[in-house]
Amino acid sequence: MDARSYKLSEIAEKIDGDVDGDGEIAIRGVAGLREAEPGDISFLAHPHYENLLTTTRASAVIVSRSLETKVPIVRVDDPYLGLVKVLSVFYPTGPVPVPKGIHELAVIDPSAVIAEDVSVGPFCQVGPGVSIGRGSKLTFSVYVGEKTTIGEDCYLYPNVTVRERCEIGSRVMLHAGCVIGSDGFGYTREKEIARKIPQIGTVRIEDDVEIGACSAIDRATLGVTRVGKGSKLDNLVQVGHNVTIGENNLIAGQTGIGGSTEIGDGVIMGGQAGVRGHLSIGDGAQVGAKTGVWGTVRAGDKVFGFPARELRLATRIHGALARLPDMLSRVRVLEKKLAELEKGGSIDSSAADNS
Amino acid sequence: MDARSYKLSEIAEKIDGDVDGDGEIAIRGVAGLREAEPGDISFLAHPHYENLLTTTRASAVIVSRSLETKVPIVRVDDPYLGLVKVLSVFYPTGPVPVPKGIHELAVIDPSAVIAEDVSVGPFCQVGPGVSIGRGSKLTFSVYVGEKTTIGEDCYLYPNVTVRERCEIGSRVMLHAGCVIGSDGFGYTREKEIARKIPQIGTVRIEDDVEIGACSAIDRATLGVTRVGKGSKLDNLVQVGHNVTIGENNLIAGQTGIGGSTEIGDGVIMGGQAGVRGHLSIGDGAQVGAKTGVWGTVRAGDKVFGFPARELRLATRIHGALARLPDMLSRVRVLEKKLAELEKGGSIDSSAADNS
Amino acid sequence: MDARSYKLSEIAEKIDGDVDGDGEIAIRGVAGLREAEPGDISFLAHPHYENLLTTTRASAVIVSRSLETKVPIVRVDDPYLGLVKVLSVFYPTGPVPVPKGIHELAVIDPSAVIAEDVSVGPFCQVGPGVSIGRGSKLTFSVYVGEKTTIGEDCYLYPNVTVRERCEIGSRVMLHAGCVIGSDGFGYTREKEIARKIPQIGTVRIEDDVEIGACSAIDRATLGVTRVGKGSKLDNLVQVGHNVTIGENNLIAGQTGIGGSTEIGDGVIMGGQAGVRGHLSIGDGAQVGAKTGVWGTVRAGDKVFGFPARELRLATRIHGALARLPDMLSRVRVLEKKLAELEKGGSIDSSAADNS
C-alpha cells in the first residue's frame, strides 16, 4: 500500500471524473461506504446503497454523473471503472508477489523451458516439455503436466492443476484449486457397462482469461476445449469437453456448460446457469442466473428460467403463476354456471367453490 | 476407539435419557441401524427408518420420547443430540490427530508467529506475518497467505488454500480443498472488454464455523466478506464478495450466495439454493433446496421454488401445475359453448376437444 | 502416440465395423471432424454434426450403420464404441505415465503397505496403516489418510484428498482436486446452536469407478457411503453422507445427492440435478438435467423439472405454460360474458381485455 496522499482533484483527473465539492481534500486510501474513515475515498455504483451516502465517513465518493447528493463527489461515467482506476492509484501491486526463481522444494523436469523472471513456489511440479513464459508465477503446490505451455505474466494460485498438453495464454489467472484439462465425461455403454472414451484432446485458455476457484475445464475428447480471450469464469464453474467459449464472456459461479456447446463473444451468464450439450449461444446473449438452456439462443437474446424462455415471456409466466391456483377455481365456477345454462335453468350464483 | 463397555443405564445418564428396557445391557460401540451388531447402540432420528427397528441387531436404540417400540431403548428429547453425546463417549478423539510441531517439509516464513501445540504437516506453506493460535492443525499441503491470522484449535484439512490477509477465528474447520479469500468476481466493461476490479478486501471467518470441501469464499472488493460465528457451510458452496452471513446458519451443499447479499442469523438453506446479489435474508428464514431467491426474504419466512415464493403459495402452484394442460382444454370448451350461446343456438355438448 | 499407420480395412476389423469405400486408405491418427487432416479417421456419433461430413478433411469416418453418406466410412453398431476402440489402436497408453517407485519428496508412513509397481509422485503423503495395491499411481500432492485401502491399478490425479479409513477398489480414477471421505453435513440444534454430529463412518468406492474433478464424497455418520462398481461421477458432484449409489450409474457434473438417499443400478442423471435426502431412485431411472427430485423415483421412470415430475407430464406442463398468461385473459373474458348472460342481457363482444 502506498502511504502518500492525493488531492481529490488529482484523483478526479486520474479517473476522468469531475469534482463536485472541495477538490483540495486529501485522500489517503480507498474503502467501502460502510468501512471508510475520513481520508478515504469510496464509491457508489449500485443504487441499492444510495442511502449509505448520508452515513458514510468517507471524505469523498465516486458516483455516476446523474446522481444528486451533497457529499464531496467525483462524477464519472462508470463508477466501477472509476473504482478500478483509483484502486490502481493506491494499490498498484496486483496479486501478492511471489519470490523470483525456483523454490528448492519444487520439482522441475530438466526438459522444461522456463523463461526469465518466472516464479515457481514450493511444492510445485513442472513436467517434461513444459514451457513457461516470462514473468509467470506458480505460487504453491501447482501441477503443470507434460508438454503444457504457459504464456507470459500468468498467475497460478495455490493447489491448481493444469494437466498435460494444455495451452495457457498470457496474463491468465487461475484461481486456487481449479483444474484445467481434466478428462471429459465421455462413456459409451456396451452391455450395460459404461466404457470410457479416452479423452485425447486438450484445452486452450487464451490471453487475459480468469478461471475461478475450484472450477474445472475438461479437455476435449479429440480436438480442443477453448476459453476465448478476455473471458472471465467465476468459481465452481464446470466446462465440458469440446466446449467453445468465445471472447469477453462473463460466466458467474456454479454455472455448467455441457459438452460440445459453442458460446459466442460477449455473452453474460448468471450464477448456477446450465447449458445442455451440443447447443449454440450467439454473441451478446444473456442467460439469467439459475436458467437452464435447452435449445439454441440467438445473438443478443435474453433468456431466463428453467427451461429457459425469452426473458419477457418468462417474466409474464412467472407473474401469471401466482394466479394459477385461483384460476382453477374460476374455471370450475364457469363450468358449473354454463352447465346450469345448458339445462335452461337460472344460474346459481353460489356455484363457486374453492376445491 | 475406546475398548471399554458401558451399561445402558450409564449411557442413558450421560445423554440425559431414560431407559425403557434392561439398563444392565453392556454397550461397546455405536453403529447405524443396518450395520449394528449385538453390543452396539444405534439411533433412530428420522421416521423414514422406523421399520428398521424390527430388523436391527443393535442391543439398544436411542429414540425420541414419543416413539412406541419394544426393543430396549433410551428415550431422549432429541435423538440426534443423543447420538452426538453417545459418540463422544465412545469416540472421544475428534478428527485424526496430526503430529505436534512443524514437519521438516513445511515452509514457514520466519516472520510467522506460531503458538504452542500447533501442528503443521508436510508440504504446507505459512507466509510472512501469519499468526496461528494454540492447538491449530494444518494437515497437508495447506497454504496460508501473508498476514492471515488463524485462531486456536482450528483444523485445516488437506489441500486447503487460505489467501492473504484473511481472519480465521477459533475452532474453525476448513474441509479439504476449500478456498478462503479467492478474488471476488468483479469486472466493469470498458468498450466490450471486461476490466478487472482489484479485490482488495478480505474474509473474516468467525469462531466455530465449518466450511465444506471444495467450497470457495471470495474476499471483498473493499471491506470484508463475513461468515458469522457458529455458521456451517457444506461442500461446494460459493460465497461471493462482500457477502455477510450471520451466526448459526446452516447452508447445504452447492448453494451459491451472490455478491453483497446480507444473511441474518439462524437461517437454513437447502442444497443447490441460489441467492442473487445485493439482497437481504432475515433472521430465521428458511430457503428450500434448489430455490432461487430473487428478492428480499423477511425474518422467519419460508421460501421455495425458482424464482422463490412463499412456501405455501409455491406448494399450491406446484399442485395446480399438474392440472394446467387439462385446464387449457377446458377453457377452450367453455369458449366454444359460450360462442354457441352468443349465436342463440343450443349448446353442442360434443364441443370438447383435447387439442 | 503410435507412428505406424493402418489400412482402413484393418481398422474396420479391429472395431467390428464394415468399410464403405476404399479399404486400402492409410490411416495414421484420430481427430474430430473439424480438426482432422488427411490421414486421420474421425467419427460421427451425434446427428447434430452430420453436415460436417461434407467439409471434413478426414480420410475416413466412423458412423452408425444407418447413415447415408459418400465419404469413405466404417459402419459400426455404435460409433462411440468404435471411437473407443480406434483410440486404443492409436493411443494405447492411457493416462500420462508416472515414474515407478516412491519420489524422494513423498512422505510415507513406515506402517503403510505398498505393493509392487506402485508410483507415488512428489509431495504425496501416505498415512499409517494405508495399503496400496499393485500398479496404482498417486501423481502429485495426493493425501491418503490413515488405514485407507486402495486397490490395484488406480490412478489418483493431482491434489486429490482421500481421508482416513476409506476403501477404494481397483481401477478407480480419482480426478484432480476431488475429495473422498469429507465429513457429512450433520448437525443438531441445541438452543439455536448447531452442534456437530461426529462423522465416524467411511466411504467405499468400488471397482472401476471414476470420480470427477473437484467432486466431494462425504463419509457416513455411521456405516458407509457407497459408490457402486462401474459408476461414473462427473466434476463438481456432491454426494452426502450415507448415500448409496449402485452400479454402472452415470451422474453428470454439478449434481448433488442428499444424505441417506439410495440410488439403484444403471441410473443416469443429467448435470446440475439434485436429489433430496432419504429418498430412493430405482434401477434404470433417468433424472433430467437441473431436475430437483422431491420424492421416490421408481425403477425405469424418467423424471424432469423442478420439482421433478414424470417426463411426459413435465413436457406437457412446459408447453402449456407458454399459453398461461393469455389464458388468464381468456378466463376473464369468459367471466364477463357469462355475467352478461346472468343479467339476461346480450353478450358484449368487446368484453375482452388484456389486463
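In this document, chain identifiers A, B and C correspond to the written order of the chains, with residue numbering beginning at 1 in each.
Definition applied: a contact is a pair of C-beta atoms (placed from the backbone, for glycine too) under 8 Å apart; a residue touches a chain by one contact, two chains touch by 3 or more.
Only a predicted model underlies this, so the values are computations on that prediction, with no experimental measurement involved.
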Check: Do chain B and chain C face each other with the same patch, meaning over half of the contact numbers show up on both, or with different patches?
Finding: different
Check: Which angle of rotation, from 0 to 180°, maps the CA atoms of chain A onto the equivalent atoms of chain B, to the nearest 5?
Finding: 120
Check: Per the centroid of Cα atoms for each chain, what is the distance between chain B and chain C, given in Å?
Finding: 24
Next item on the list: Note the residues in chain C that touch 2 or more other chains, in rising order.
Entry: 105, 123, 141, 159, 177, 214, 236, 254, 272, 306, 321, 324, 327, 331, 334, 338, 341
Item checked: Complex contact set, residues of chain A against chain B -> 30-32, 34-35, 42, 46, 48, 78, 80-81, 83-84, 87-88, 91, 94, 96, 103, 105, 121-123, 139-141, 157-159, 173, 175-177, 210, 212-214, 230, 232, 234-236, 248, 250, 252-254, 266, 271-272, 289-290, 305-306, 318, 321-322, 324-325, 327-328, 331, 334-335, 338, 341-342
Margin query: Under the definition above, what is the set of chain A residues touching chain C in their complex?
Written below: 105, 107, 123, 125, 127, 141, 143, 145-146, 159, 161, 163-164, 177-179, 182-183, 185-188, 190, 192-198, 200-201, 214-216, 218, 220-224, 236, 238, 240, 242, 254, 256, 258, 260, 272, 274, 276, 278, 292, 306-307, 309, 313, 316-317, 319-321, 323-324, 327, 330-331, 334, 337-338, 341, 347, 349
